[in-house]
Structures are given as structure tokens and as C-alpha cells.
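When the chains are written out, they are named A, B and C in that same order, and each has its own residue count from 1.
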Amino acid sequence: MSARKKKVGIAFAAAASGIVLALTGCSSSDPLDEPSVTAQAGSIVVGSQAYYSNEIVAEIYAQALEANGFTVERKFNIGQRDAYIPSLESGEVQLFPEYTGNLLQFYDATTTATTTDDVYAALQTALPDGLVALEQSSATDQDSYNVTADFAATYNLESLADLANVDVPLTLGGAPELEERPYGPTGLKELYGLDVGFSATGDTTVEDLVAGTVNIANVYSADPRIQTENLVTLADPEGLFLASNVVPIANADIADSVADVINAVSAALTPEGLVALNVQSTDDQMSTPDIAAAWLEANGLN
Amino acid sequence: MTWVSNNLDLIVSLTVAHLRQSALPIILGLLLALPLGWLAFRFRRARGPILVSSGLLYTVPSLALFAILPPLLGISFLSIANLIIALTIYAVAIMVRSVADALGSIDPDVRSAAVAMGYRPWRSFWSVELPLAGPVILAGLRVAAVSTISLATVGVLIGAENLGYLFTNGLQRRIVPEVLAGVVAVMVIALVIDLVLVIAGRMLMPWAPRRPDRKSKAERAMAS
Amino acid sequence: MNLFAEAFAWLFSPDRLTGSHPLPAAIGEHLFYTFVSVAIAALIAVPLGYLVGHTGKGRDLAVALAGAGRAVPSFGLIVLLVLVLGVTHKPLAAVITFVLLAVPSILAGAYSGLESIDRAVIDAGRATGMTEWQIFRRIEVPLGLPLLVAGMRSAVLQVVATVTLAAYVGLGGLGYYIIQGVPLRRYDQILGGALAVTILALVLDGVFALLERLAVPPGAPRQSRKSSRREIQTREEMEQIEHYPVEQSN
């Protein structure tokens, strides 16, 4: 074999084996599992969702812990539950602000609990062994259906049941996945007998509601714009929504050591307080660390 | 502008993360494109399949590629690895063509001269062909670099933390300067990297002509 | 590999024809936005590109524009415009974004198409007494067509990819299934949506590849593969069109 052909052969083999190596990862594992991430030893890893309000609460946890002598590593904006739940369970992230109702539905989609205490109790049972729910806060940030003040006045709307009196077609706006959630259009049909269309409005839901492209919108209860845009939250007598309070989820290994600090934070966090934090982020455009520091100081927890 | 001045540290840290996430695919892309491009150039039968398959890969929209790679490679959908691999694939797809064409553009007489002077194929490749092919490869590298930096922002949808965060966070909070800062930052670093590559090219390859020539053959014959 | 089987099952299931987002409607939306935007972009970019290519003036500006266009993160641009123009104008914001992204490719295709023509052919045209307009219409446009089509091909693929991303701001299209599938934890939906948009992109790419071949006027000189380095250098930027990011991105 000539030297040139040999070199060609080597080059080809190298390329081919590289490709083969890359492709031998063919597996049927769930691609929605979080990959491994390593945390520094001795520090508490605090995570957050890709949601600015959740990030603020996580930062409050982080700064509160630091004020009490812990070393904290932040892994914010991890995104979807599919991404961070596995790493919470494995201990790569150790503390996470969550919402009782939504998290309960994640673990048990068929749950019938709806009140604050029932949901919290059901959540404690539903959580896997490695995770502990610390005390829940009175602050909520849950799904709620809202209409504009004008719309509510026109049709005399106070609760979701009143929507039956509306004579125009109803369109529900919210995140794309709302369409398939049990409390989405199917839930409205089952519990209230309403036929609603759906429009995936995502992050622009409030604007769409105000602009009239949808007439009902799913707005999170801690969103400051419910007040600033004069929206009316419709009451939910049939328990379509689960109560969803802010709850710290901790890895069982560190739960005891952080419980005192974090429970104090949860106790101090009120529904109005959470809204105020969100206002500081959206209207005052303050940065997350500044907002957290100010809140801790105002509540004497630093 | 006040938002920008108040959040400069956030922008800077995201920029650093962004550059880190972009650099690896660009470098890996070049390293993979060189042998693949050489194969495409050297073997006429290989040229078609290599160029066609890289062209097809390039056609796949990024969000779709992020979804297709995990089941194939056994990685997680929401991971940096997914982002890096996808970006590398796009970078290779861009550069393979450049490398193949660059090597093909070398005057065969030059190769013959090298052989006549006793250069072995390996040395000829590194000392003669690659330097001559350099400028065109550099052009492909520039395109790949700019588009990688730009494309990396989509990584925020699969959990990567880079300048794309400014888009999603800015949308959630309705802060226009934040989103605008993100767009501008991405464009600025893309153009800066492009400039750096141009300057590096000029320094490393002083033999490369600077400007393409528009004169016709006849005009050139008359001028000489 | 059974994930792909599940994805195809999802894609071809009859459920895809019902609900608030039937598959045919999503494909239709996707194609609609793509073609409208590329058409508008072509109306702007083709005349401009021809002007630059024919007169040779403004070439540096056009090259810079093509380069800058590649650097724009399309994901960020669409979010920005939706925020700025408001929610009631989402389709308008989206179309503006797509047009802005498509213009550089088409512009580059138009002017490089003209630039790639051997000057000798143009001189010959002048020598036989053709007017500037006749040269343009009968020599430059037909000979420049393949590269223009290549530019449009790039633009179309780029817009298809960005329309996929526009689902994040609620625009519909095939990206909707991917964006919705992630929080719902349905990988068959995510992958199904991804495969659908990939197939769409490949089909469009194939159609335009065919158009590129058909666009070569009969009798036009074939570009020899072993072009001189100087000619390749001239074609550097033309190569760049075909490599134009099908940017999905950003």
C-alpha cells in the first residue's frame, strides 16, 4: 500500500470511528431527564425556574442562607420541571422555591385535593423520599382566570359559574400547555359546563386580554398587572384550580439544617408582599439581587 | 439606557457564558470540517454525499435539531451538550463546503511544483495547500462563527444560560431595553469576533489578496 | 429508537386533524408566513441587489449588510418587535422580523449573481450595440438567476426556521408543538413537531434546488470546478450565500 493510500485510510478510519462513537449513544432513555451537574462540596445549591418571580424568591432564600453563614451556589433559570426535578431528587440542586398545587399535579395528575391545607398534605405524601416540603408560605402564585373590569361589569361576572350568562363566544388565553391541562378548557367544560376556545398567548397573555383578542385569561395570582390593568379574578366555587402556595422544596439531607432560616422567610412572605416584589421587578426594573436584599432588610431577616 | 447601566454585571456574565458556549462549536466545527472537506475534495465519489448530507443537516431548523439529537445520542434534551452538539453540526455544515472548495481552488500546477520539489503529501498539505486554501477557509470560518454566536441564543429554550436569557426574561418582565440590550450584545460580539478573525487572517496569511478583482480577463491582460 | 416510532405515531394520528391546532392548519400557517415574508423581502432586495450588481456601486455597503444580517439573533428580534409593536400586532411584528432576516440573503444573491458574470460577456454585449437596459435584461438577469435563486433558497430556509421559533411568542406554526410539548412532558409531540418542520424544510430545500438547476439558462457557460484561486476569491461571498444560516436561530 502506498504511503498516500495509507494516510487516506487512517484519515477515513478516524473520521468513521468518530462518527460511530457519536452515534452509539442510541438509547431509549427519557430525553427530558436532566443531565448530571456537579455542585461544590459544603455549599447549598439553590435553583429557580425560568420565571422572574420564582428567581426572586430563590434569591431571597440564597441571601437569607448566606446571612446565616451558609455558602450558597445559585443555579437559576433551570427552566422546566422536567429539568430540575431530577436534579432536585438526585441532590445536585438542594433547595428550590415551588408552588404546592402545580408541583402536586406534576407528581399526581389525578389528585382531587384543592384547598390550601389538603394540597400541602397531599404534596408531602406525593413527594419522593429524598425530598422534603418545608413550611408553605401564605403567598400564592397560582393559575387564576381573569377578565377585564369592563367585561365583568357588562355581564355581571363574579365567579366562573357566571360565565354561563355570557352570550359572546369565550376564548381562553394562556400558556400553550394550558390547552391540555386538567384546569384548562376541558376542566371548564366539566365543572362549569362552559365551551371555550383556546388561544396560546404565552408571555403576552395580559396584553392579549386587555386588547380583547381573548376574553378570559389565565394570569398568575401574584402578577402585579391584575391590579394595574384592573382585571377581575373570577371566583372558583367548584374548585377547578388547586391552591398553589409558595413552598420551599429541600433535599432531605440538608432540610433540617436550612429549615429554621427558610421557614422564617416563608412565614414573612405574604401574598401582597410577593406581588410587591414582582412590581419591583417589572415596573421599577430592579435587579433580582437588589430586590431580595431590600426585602430581607425590610423584614429583618438579614 | 438606565436598565443597561444598572444591569451591566448581568450582561457581562451572560456574555462570557455565551462566548464560552459558542467557542467550542466553532473550534470543533473547524477541526471536523478540515478532514471532511479534504475527503470531499480528494475523492470525487465522496464529495456528493458529504456535501449533500451537510447541506441537509444545515436545513434542519435549530429547535427541531435540539429535539432530534437527544434520542439519537442518548443525551438530555435540556442540556448544554445538546446545544453544543447542534451548534457544532451547523458549524461543520457551513465549513465543509468552504474547505472542499478552497482545496479545489488551488492551481494544480502548484501541486505539481510541490511534488517536483520533493514534498511528501502530508507536508505538501500543511505547507503548501492549506496556506493557499486559507483565505477561503477563513471566509467559511467567519460565516460559521457569526452564525454560531447568533444561533446560540436559542439555547435558552433548552435551559442554557446565555444572552438569550435577556430575551425571555425581558419578555416576561416587559422590559424593552433588556431585550434590545440582548440583541445588540449578540450582534456586537458576533461582529467583533468577525473582525478578530479578519485581522488574525491578515496576520497569519500575509500572502492572501485583500480584495476580489472585478476586471475582466481582457482588462487584466491590457493592464499588465 | 422507539422514540422516533412514537413521534411518527403522534404525527400521523387522526387526533392531529382536530383540536385548536390541527396539523394541516399549522403547516399552512408556517408556509403562509414564509412565503409572504420572502415575497416582500424579494420585492425590496432584488431591485436593490440588481442595482448594486449592475453598477458596482454600494457593494461594500451590501456586503456589510449581508454580514450584519447574519449576526442578528432572529429569536431576539422577534421578541423585541412583539414587545415594541404590541400584542395586537403580533403577526405584523413577526412578518417584519422575517422580512428583515430574508433581505440580506436575497440581496447577496442578486448582486453576486450579477457579479459572477464574466465581464467579457458584458463587453461582448456592449460591442454588439446593446443598450445598458438590454444588457441588463438579456444578459445579466438570466445569467445571474441561479445565484439569485440560491439566495432565495437560503432566505426561505432561514424564515422557516425562524417561524418555528415564533411559536414562543404565540404565533402558531409547527413550532407550537415543540413549545407546548416541553412543559407537558410529551416527547412524542416534541419530536413529532420537530420532524414535521424538518420534513417541510427539506421539501422546500429540494424544490429550490430544482429551481436553481432550472434557472441556469440553456447555453450558459458551466462553471468549471477547477476555477482559479482568484475566481474562487471573487466567489467567496457568493459561497457565503449558500451557506447562509438557515438560521433558525437566535
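In this section, contacts are C-beta pairs under 8 Å (C-beta built on N, C-alpha and C of every residue); 3 or more make two chains touch, one makes a residue touch a chain.
Quantities reported herein were computed from a predicted structural model and do not represent experimental measurements.
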How is the touch graph of the chains shaped: line, ring, star, complete or other? complete
Between A-C and B-C, which chain pair is linked by more C-beta pairs in contact? B-C
How many Å are there between the centre of chain A and the centre of chain C, using C-alpha atoms for each centre? 37
Go ahead and note the Å separation of the Cα centroids belonging to chain B and chain C. 19
Residues in chain A with touches to at least two other chains are numbered 26, 28, 31-32, 80, 82, 203-204
When you check chain C against every other chain, which residues touch at least two of them? 1, 3, 82, 168-169, 179, 182, 187
Can you list the chain B residues in contact with two or more other chains? 71, 77, 168, 171, 174
Contacting residues of chain A [partner chain B, same complex]: 3-4, 7-8, 11-12, 14-15, 18, 22-23, 25-29, 31-35, 50-52, 76-80, 82-83, 203-204, 281-282, 285-287
Residues of chain B that touch chain C when the two form their complex: 55-56, 58-68, 71, 77, 90, 93-94, 97-98, 101-102, 104-108, 132, 135-136, 139-140, 143-144, 146-147, 149-154, 157, 163-164, 166-168, 170-171, 174, 176, 179-180, 182-183, 186-187, 190-191, 194, 209, 212-219
Chain B partner, complex, touching residues on chain C are 1, 3-4, 56, 67-68, 70-77, 79-80, 82-84, 115, 118-120, 122-123, 157, 160-161, 164-165, 168-169, 175, 178-179, 182, 187, 190-191, 193-195, 197-198, 201-202, 205, 225-234, 236-237, 239-240, 242-250
With touch defined as at the start, can you tell me which chain B residues reach chain A in the complex? 2-3, 6-7, 10, 32, 35-36, 38-39, 42, 70-81, 120-122, 156, 158-159, 161, 165, 168-169, 171-175
Chain A residues touching chain C - in the complex, by the definition given at the top: 26, 28, 30-32, 80-82, 175-177, 179-180, 197-204, 207-208, 211, 213
